[in-house]
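Each structure below is given as structure tokens.
Each of the next two complexes has subunit A plus one more chain, namely subunit B in the first and subunit C in the second.
Coming up: the complex of A and B.
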């Protein structure tokens, strides 16, 4: 980064420092580029291109991690085995967030912890935009909605679609 | 463990937008604690602060608080966690045998920055941040929903905790004015603005401006400084995995482990009988119930059945807890101060009968990832 842009991105502009009572300052964390070594995750990213999901499994405790983890905290080893999991899942728990979009209109968005069938851990995701949030419930069956042309990245799953729930205890679990 | 005593404390009142500068507020807290204990600047040998670079808007944010925090020509160090963790560091410094008086202070001013937006940067940048908008409030929603679902509890059960804490806060002159409401009802809590369904505004601990300070001293010095030292007889801390998806959110395993360690150290076998009061740091109303269960005060899922009013079966958060004001980095320290006040009989309107032993907790992270618990005892 050049000196000029760095100065600008840290918002260190002298003319803004007129007032003594309050001082403006901004931390642009979006200018921070986190590094992530994808070597260990290659099998996962390759399979995403085929619209398939794999999770990694710790040989110490046999837990299946999705999304894949670099390290199993319990055993302090790298999970080295890869297992296929389905792209169907269940809602582990959820909360509804209220976010402003570009037009400053508040939108309801259900944020969910998604428990994929065959995995032992859950991941954070959003539900399909059209879902009526009042119908969401814990253990609701959902399915990954893939992008048309997956590129082998985490964003290939855009959101999760609802599935028909044929469970008999549907009304009770609601 | 050698005996280490809390010999002084001070807290600045919580304000939602304080008419203080950052330095002033720290000075008032630390100087007040030193004055209350009848000490002088030269008595301070070590200073531990709890601040956060991001919350202070500058890097290495403890370097500018050296003078106001009492760190001039003393050794000074910082813990970028809750104030209760800074206390742990101070305790270790005293136990090393090299120090006679430790000042522990912590606090921050969320009126200067958007607190809940800053917490967005706590999620994993690779795996979580791109997927969904999750901050402390959304994750509290996850936790509350998981807890209610597992034990079949209703929103009213959770709202009761908020009602109790806001009523208690009304008796605490140092609590946040906006939180003090003696006439609050369950329907007020449920009908308040929704933050992240099912969490409403009145269930969330309101971030506010405040600084708190505590003085620690080894036994020999402590008995000289004050007639009423409060001894730290047990401490335990523990943390769970960082990823929310890997945890059972309906319980707090880390608090169970922390409590076991602290109880073992203090020789407590039956917490319900051996303890008199608890001051818990709850970021959201339901966390108090989860902690109550983790501390072994009631069976799992029975949290709402325990009467935790000031004159109830087992008083929890008589000061109003974090729902009565949550200054980031200070809240855990304030919980310890409130427990000390109960033991010394200085709590005024919210004093719980005769308190011999109390517990105070601090936490950090989403859904209470890291928990720390202190067992405090008075002079017998």
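Coming up: the complex of A and C.
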């Protein structure tokens, strides 16, 4: 990417930075509004309402970011193209956290990083209730389970359903 | 062209979970006294400049380096503070190196100090500043606060390390027993080191596997402790080093490499590292430091390694990524005793971060311990003669890696 394009795209970031979402926060001295930029994911959130997934793509390194990013970490420019991605995914990696609830009973909280087909990044998600995370394995195929009435947020994907792994019985060891 | 730099001494304070018998300056002073005791010809007035560092907000006091100025002997002398999170110690050592090699007139001898007194502050307050930003980012994606399990990886290092462990275990096809074996070796080594925190001379693999999970697949017995402690290192030029001690250790290569964010990514947009155990940063830093030091065959030429591994899976991962072993063969090396105290390539004979973790100090204890092994003054000295050694550091959410390659011969190659 030429320097001119780079400068142009950085200006673009600066100009659009005014459109932000605010979040109330409290400090014991006062309360204030915390502002952060959401411009870069507005088209993405709109498409979520239609149960469609889109991601943005950096023209410098051709990586596809899901969820969309404001700035590409490698090229330091704004990803400027939008691409479709599938709602099927694979388990990138997983872990289980152990937390105490109100009754001080230890509860398992599984955490999974999912890698959507067609994307180059992974994001934190949950598997369907009733799935034992210890039975999962890396690169297990899964599919997004949508909420009935999507509101335009990442929580519209409630959890990920398991898919049939046709190739699994061909492998002797996972 | 810079000057050749040598390490002439390193010293430690005693490490424990609560050093309530001393204040923060006294803790630092303990380490400096131990450092200067090893070089009788050097006094505090011979030191020209100071580099200092700790993890910000973990100690509960603001600008602590000004509080301890007199305790370090830094009055009316140049003093710099460096903080880079988990790798602070590694960055302090590298800053000490650069302060000497820069060749500033009148600055030849530099004392680098890293310290942490976690019992006085609150680490969760320090990490809250990291976590809060990530919570607000997830909120922007429409994830509500009650979905807290999505935020569990925010801030702390274990969230990153658990993912690395799962990926590494599936890649190398190992079980938790292999992880426990690393812990047992470290804690038994720590029992022979006077300043270490968790000393367990009779620990067995079964004992480790008997503890509950903190975060699957890491158990309570595998996780590093939270310690109080300080470490000091003395850097000087090649000419002066020969008068100060018998075997000066020459710093031949340094590197400090970061990668993209580990779990949540920029603006909460996920991690671009699909394989958390890939660690391109470690491979790049090894490449940089070894090429400066003229090391072509790390496995043959390096005699001793100190790697920064709070969790056992990381120790296996780093020794591979830093070029000491082939991919996925490290668990085998631990099983056959190649990395043991009497082995062919001893790793972490001080007990490592797994046994002593005073956040900022622990990344500097790696190069300092590696240097002391070359000098022959280490607490748990290995039986073989050490000519070349490395000390590495790792920091949580950005995967920042620091690496220092040292030798008893000056052979820094300038590029």
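As a convention for this text, the second predicted complex is superposed on the first by the 128 of 174 C-alpha atoms of A that agree within 3 Å, B and C clash if a C-alpha of one lies under 4 Å from a C-alpha of the other, contacts with A are read in each partner's own complex, and residues count from 1 in each chain.
Keep this in mind: a residue touches a chain if its C-beta (ideal position, glycine included) is under 8 Å from a C-beta of that chain, and two chains touch if they have at least 3 such contacts.
In this text, all values refer to a predicted model and were calculated from it rather than measured experimentally.
Taken together in the superposed arrangement on subunit A, subunit B and subunit C clash. Contacts of A:152 after superposition: subunit C is touched, whereas subunit B is not reached.
In the superposition on chain A, contact is made by A:93 with both subunit B and subunit C.
After superposition on the shared chain, subunit A has more residues touched by C, the comparison being subunit B against subunit C.
Looking at the shared chain after the overlay, A:45 reaches subunit C, while subunit B stays out of its contact range. By the touch criterion stated above, A:109 is placed in contact with subunit B and with subunit C alike.
In the overlay built on the shared chain, the residue A:76 is in contact with neither subunit B nor subunit C.
For the contact definition in use here, the residues of subunit A common to its subunit B contact set and its subunit C contact set are 25, 34, 36, 65, 67, 69, 73, 92-99, 109, 111, 113, 115, 121-126, 133, 138, 154-155.
Listing the residues of subunit B that touch subunit A in their complex gives 54, 57-58, 121, 123, 125-128, 130-134, 138-146, 149, 194-199, 241, 243-246, 249.
The touching residues of subunit A, when paired with subunit B in their complex, are 25, 27, 29, 34, 36, 65, 67, 69, 73, 92-99, 109, 111-115, 121-126, 133, 138, 154-155.
Against subunit A, the residues of subunit C that register as touching in their complex are 136-144, 147, 149-150, 152-153, 159, 162-163, 165-167, 170, 173, 212-217, 260-261, 263-272, 274-276.
Interface residues of subunit A facing subunit C in the complex, by the touch rule stated above, are 21, 23, 25, 34, 36-38, 40-41, 45, 63, 65-71, 73-74, 92-99, 106, 109-111, 113, 115, 120-126, 133-134, 137-138, 151-156, 173-174.
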